[in-house]
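First subunit A sits with subunit B, and in the next complex the same chain sits with subunit C.
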Partner chain A sequence: MPEPEPFEPLESYGEEGRAIASTGAGGASDLATAEAETLEQRPSVDAAEEAAGGPEGAGPDKKARSLWSDAWHDLRRNPVFIISGLIILFLVVISIWPSLIASGDPLDCDLSKAQEGSQPGHPFGFNGQGCDVYTRTVYGARTSVSVGVLATLGVAILGSILGGLAGFFGGAWDGFLSRITDVFFAIPVVLGGLVLLSVVTSSTVWPVIGFMVLLGWPQISRIARGSVITAKQHDYVQAARALGASNSRMMLRHITPNAVAPVIVVATIALGTYISLEATLSYLGVGLKPPTVSWGIDISSASPYIRNAPHMLLWPAGALAITVLAFIMLGDAVRDALDPKLR
Partner chain B sequence: MLLEVRDLHVEFHTRDGVAKAVNGVNYSVDAGETLAVLGESGSGKSVTAQAVMGILDIPPGKISAGEILFQGQDLLKLKEEERRKVRGAKMAMIFQDALSSLNPVISVGDQLGEMFQVHKGMSRKDSKAKAIELMDRVRIPAAKERVGQYPHQFSGGMRQRIMIAMALALEPELIIADEPTTALDVTVQAQVMDLLAELQRELNMGLILITHDLGVVADVADKIAVMYAGRIVEQAPVHEIYKAPAHPYTRGLLDSIPRLDQKGQELYAIKGLPPNLLAIPPGCAFNPRCPMAQDVCRTDEPPLYDVTESPVPRASACHFWKECLHG
Partner chain C sequence: MGRYVIRRLLQMIPVFFGATLLIFLMVNVMGDPIAGLCGDRQCDPATAAQLEKEFGLDKPVWQQYLTYMGNVFTGDFGTAFNGQPVTELMASAFPVTIRLTIVAILFEIVIGISLGVVTGLKRGRPVDTTVLLLTLVVLSVPTFVTGLLVQLLLGVKWGWIKPAVSPEATFSELIVPGLVLASVSLAYVTRLTRTSIAENKRADYVRTAVAKGLPRHRVISRHLLRNSLIPVVTFIGADIGALMGGAIVTERIFNIHGVGYQLYQGIVRQNTQTVVGFVTILVLIFLLANLLVDLLYAVLDPRIRYA
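Then we have the complex of A and B:
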């Protein structure tokens, strides 16, 4: 028997595509994938190129750089992150221990001093009820920060679980959930707040938080769904499946760490908007109610007197503006760090 | 027989209609044997492998008929949970692009160790020791130091070695390698293929090698199945197919390999494009591109003829296999 003919493979012939598999993906999920694409993280290409510098990648002593350590590396050098981070740290500290910088009691009011301006010991003056504006502004941080943080946590947890499951399993559950999110998107936030919260009599922060979670989760759910669908299509998820990983293992270990970045980004930015939404609702009289100390309530009660006593409105409004700005700036910085394409 | 695929049909239900990706594939692999599955993009070779592994996306995919017998047991009749236990432990898969097949945010040691945690319930510490052992086995230098590194810190060849290590972790009986060397440099290709072949011999595993690179096939395969439009068009021992193909499509593939003695001449290419799986041509699916096509090819689908002339069986799905084999 003669030997087989010799031949020299010079290169591979064409690309093995998965044309069939990709035509199967529906238009709706394609859209979601595209949506998530902008925020979706790539396996850190720049890092790979850096590491490829030496033969066989980096030496064993070089510290491993993952997406998260890269992001942290970027964040520490970003002045926007440092400034907003310091402001937020300060806000968190004074919401936990307001007495650190304000010795008075926000509910200790002296009507005889109503609407008076700045005085020694009372730098921000007094409000319409004669309460110290400085003390109330400091104590108002606690409500704003706790409403913002708790609402964001609730929204992020609920939204990413529902959206993540929808993205992972697809099918009827996905279709159902997507229509539900459409319905919730159609509800105007302020109008919904006026209707739903006007029937609530509790004066705690919980109804407001609950309302925000109720209206906020579809946004996160959509993002989580999109990024899970994108992550699910990655080869390493298929590879994990081919090597016997269970559904829960694939979700928790392979998909979640690769899909969570967009959710973190959107949630951080949303945090600022929830704080201003709380103020909006309180201003309209359906959010928090006295005796809770809140910037929104103070802005609302001060607004009729803006001409003769503007300080009553400007201090809490300024604090609100700085807080919201700080959280939105933080969200921006986090997004820049987690999205390698923006680098 | 280790693995036997019998009359497998796979369809994809798309908006434009039903794409028939696999139309009655039969093949078998024994322990220690290497079957090379050859074909263009969209010929159904990867889909068949995915069906065997049970990682086909269902829906849109659907296995409409057939049996997949693994050690005599029909995998298609198993429950998903039982099937999952087979994957990784008894059969494993090596993918084309190791960079995208390894999770970028988990260190390679953790990914290798995961195999032992999932299937053997080992502790983190024990599985790490196992991971180092595996990395040594696929000859990654300084395995102990590199076990905590991330996939992007390894070169392409090293990453593919890690993929091989993952697939071999539990010493499966069957390995499916889906174009394991396509993404690598030619020099590294040979090293990776040698390693794979050596480990296969050592563990006496069955190997299904999916490729479109005839160069890879010649050295390692025992037999070849050529696929076209979801069917096997020729099946033969590796040497016979290179000596004399019994199907015009195989002949076209062999002729389109660049050769040193053809320097300066135009490279042969099979004219036309692979068929649209939504509308496979009637008769022989290859007839619009076939230089030997006659009227009968446009009307009658050729069965897989037995074209054995030597002791080893071979088959061809061509009406004119005799002319092809001897012409």
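Then we have the complex of A and C:
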């Protein structure tokens, strides 16, 4: 993969982002943002309120762009985003239609060919059961991508609702939720997975996703709580309250659009780690179970034969690494675009 | 300071009980505590009923939890599947894992922070790009794959290390497993330090230090590094617990008989006493490590005071 180049432009973007951030930190953000719209140096981060107002906020003739159109503008020119986006697009396509590039059946195995190397028509060779490694690697994308995406969605929704409500209402509920978060943080993830999943007998992906949501939501909830508390103190929220806006209107129209960026950033980066965690759990024998086709299972079953037939392990492991890398790079790019201060 | 520590210790109590209760419920409600006691076969109903009565499993769960915690506080962690007291297993397992964790943390501190300082000071140069790329590669390859590959290359193909660690598990044998265990966190520490250094490099106090003619190494070590280390220390502190719990994978690959190995055995053999006991200690270590980190803040940054 041609990665070495993308970092140069990324750096230069960082400098640009820094300049924006420093104007934002200069104190202008405390001015009522509604009035600040005509100002030329309007900090881009504060423009997010407008994004909720609809597409008219992103008009090309306006000097100030909303956070989202600004982020999209940054992302479109970021080679890291383009490369990782293309890889992810490819992965999504082959997880939906794996037969596009692999004609065989991943469960069609011939024991007489067990552990054999590369052959015409079977570029990656065969695994310990004599199944075609190439076909299994292609079909394995579906489980990894769906576990990663669904777990991230679950974690993001549950975590931001619970954390957001705690940050908005504060008080006893907030204190209680913070203690709960501490409890979940104190349990090591792999260990919790071993304990919880060792008693599950189902061979579908749902227990694994459920476990990731159960142990993953506190991370997002902490972020969401913090960013809601920050957004809540802004003057436009106080102004909305003074105008008699209801709690739900303040939350949905004013706070959510301004508080959601950090959640998106953390969730995107977490997606890659969930894919990696699924493989680790499958390696330990408690994640997914055969006949599900997954990279983790294949790596696990190939690991005893690594000395004689390393190709059985290297192909699925390489596919796993590229997938995780693509999601981490996407997360990095989204973070740079959405929150230049975080770099 | 003293009052702060006491307040923090008091705050730890509900978290400690919550975390142990959670694990206790996971193991006892979702699993079957006596299933592992009759070997691979099912226990016949009469034996099962008698065992349940003997272990107090016929009582409500909250009563079982209270009894268990009562025993824990008198130093009785129960017995493992082979009749050995769990405390004996702990005495043999924890020193090994603590050695492994020390090796891993040292790698994080020495290599992670130095790489972070170098890349943070030379942002955008080839050295920075190369190291950033390396950290991305390390982050994207799961630990168990790194471990298997390192074992294959260094242990089997080139013969630099023994592929499996002996039961004594001395420091010299744990260097490579420690590096594997630390790898992902090492990459995080590098990136975190880099960001922090690059951010503080332009700070006024650094310019002042340079302007008054301090030597470069003193500017970096006394002014820049000390101010940049707080997020890194937070990460490393929280990582101690994660490393000890996450050593399951590394210990399994390199056949190290530490906490991860015992926990894995406990889970595979469905021995609740071992699992809950070890997790209780791990949670305690995690909480104490976090307290220690918070106290370290005041050492790094004198502006932070605890009343």
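Simple rule for what comes next: the second predicted complex is superposed on the first by the 277 of 343 C-alpha atoms of A that agree within 3 Å, B and C clash if a C-alpha of one lies under 4 Å from a C-alpha of the other, contacts with A are read in each partner's own complex, and residues count from 1 in each chain.
What we mean here is this: contacts are C-beta pairs under 8 Å (C-beta built on N, C-alpha and C of every residue); 3 or more make two chains touch, one makes a residue touch a chain.
Every value quoted in this text rests on a predicted model; they were computed, and no experiment measured them.
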Touching partner for A:198 - first (subunit B), second (subunit C), both, neither: second
Touched partner set for A:248, first subunit B, second subunit C, both or neither: neither
Subunit B versus subunit C as contact partner of A:308, first or second or both or neither: neither
First, second, both or neither for A:68, with subunit B first and subunit C second: first
Which of subunit B and subunit C A:236 touches, first, second, both or neither: first
Of subunit B and subunit C, the chain that contacts the larger number of subunit A residues: B
A:325 touches, of subunit B and subunit C: first, second, both or neither? second
Which superposed partner A:258 touches (first subunit B, second subunit C, both, neither): first
Intersection of the subunit A residues that touch subunit B with those that touch subunit C: 4, 7-8, 11-12
Subunit B - residues contacting subunit A, complex: 12-16, 19, 21, 40-42, 46-47, 53, 55, 57, 59-61, 84-89, 92-93, 95-97, 99-107, 114-115, 118-119, 141-142, 145-146, 148-155, 158, 163, 166-167, 169, 179, 182, 186, 212-216, 218, 238-239, 242-243, 256-260, 277
Subunit B partner contacts - residues on subunit A that touch it in the complex: 1-2, 4-5, 7-21, 23-26, 43-44, 47-48, 51-52, 55-58, 60, 64-68, 171, 234-236, 238-246, 249, 253-254, 257-258
Subunit C contact footprint on subunit A (complex, rising order): 3-4, 7-8, 11-12, 179-180, 182-184, 186-192, 194-196, 198-199, 272, 276, 279-280, 283-284, 299, 303, 306-307, 310, 313, 317, 320-322, 324-325, 328-329, 343
Residues of subunit C touching subunit A in the complex: 14-16, 18-19, 22-23, 26-27, 30-32, 123-124, 128-129, 132-133, 136-137, 139-145, 148-149, 152, 156, 195, 241-242, 244-246, 248-249, 252, 263-264, 267-268, 270, 275, 279, 282-283, 286-287
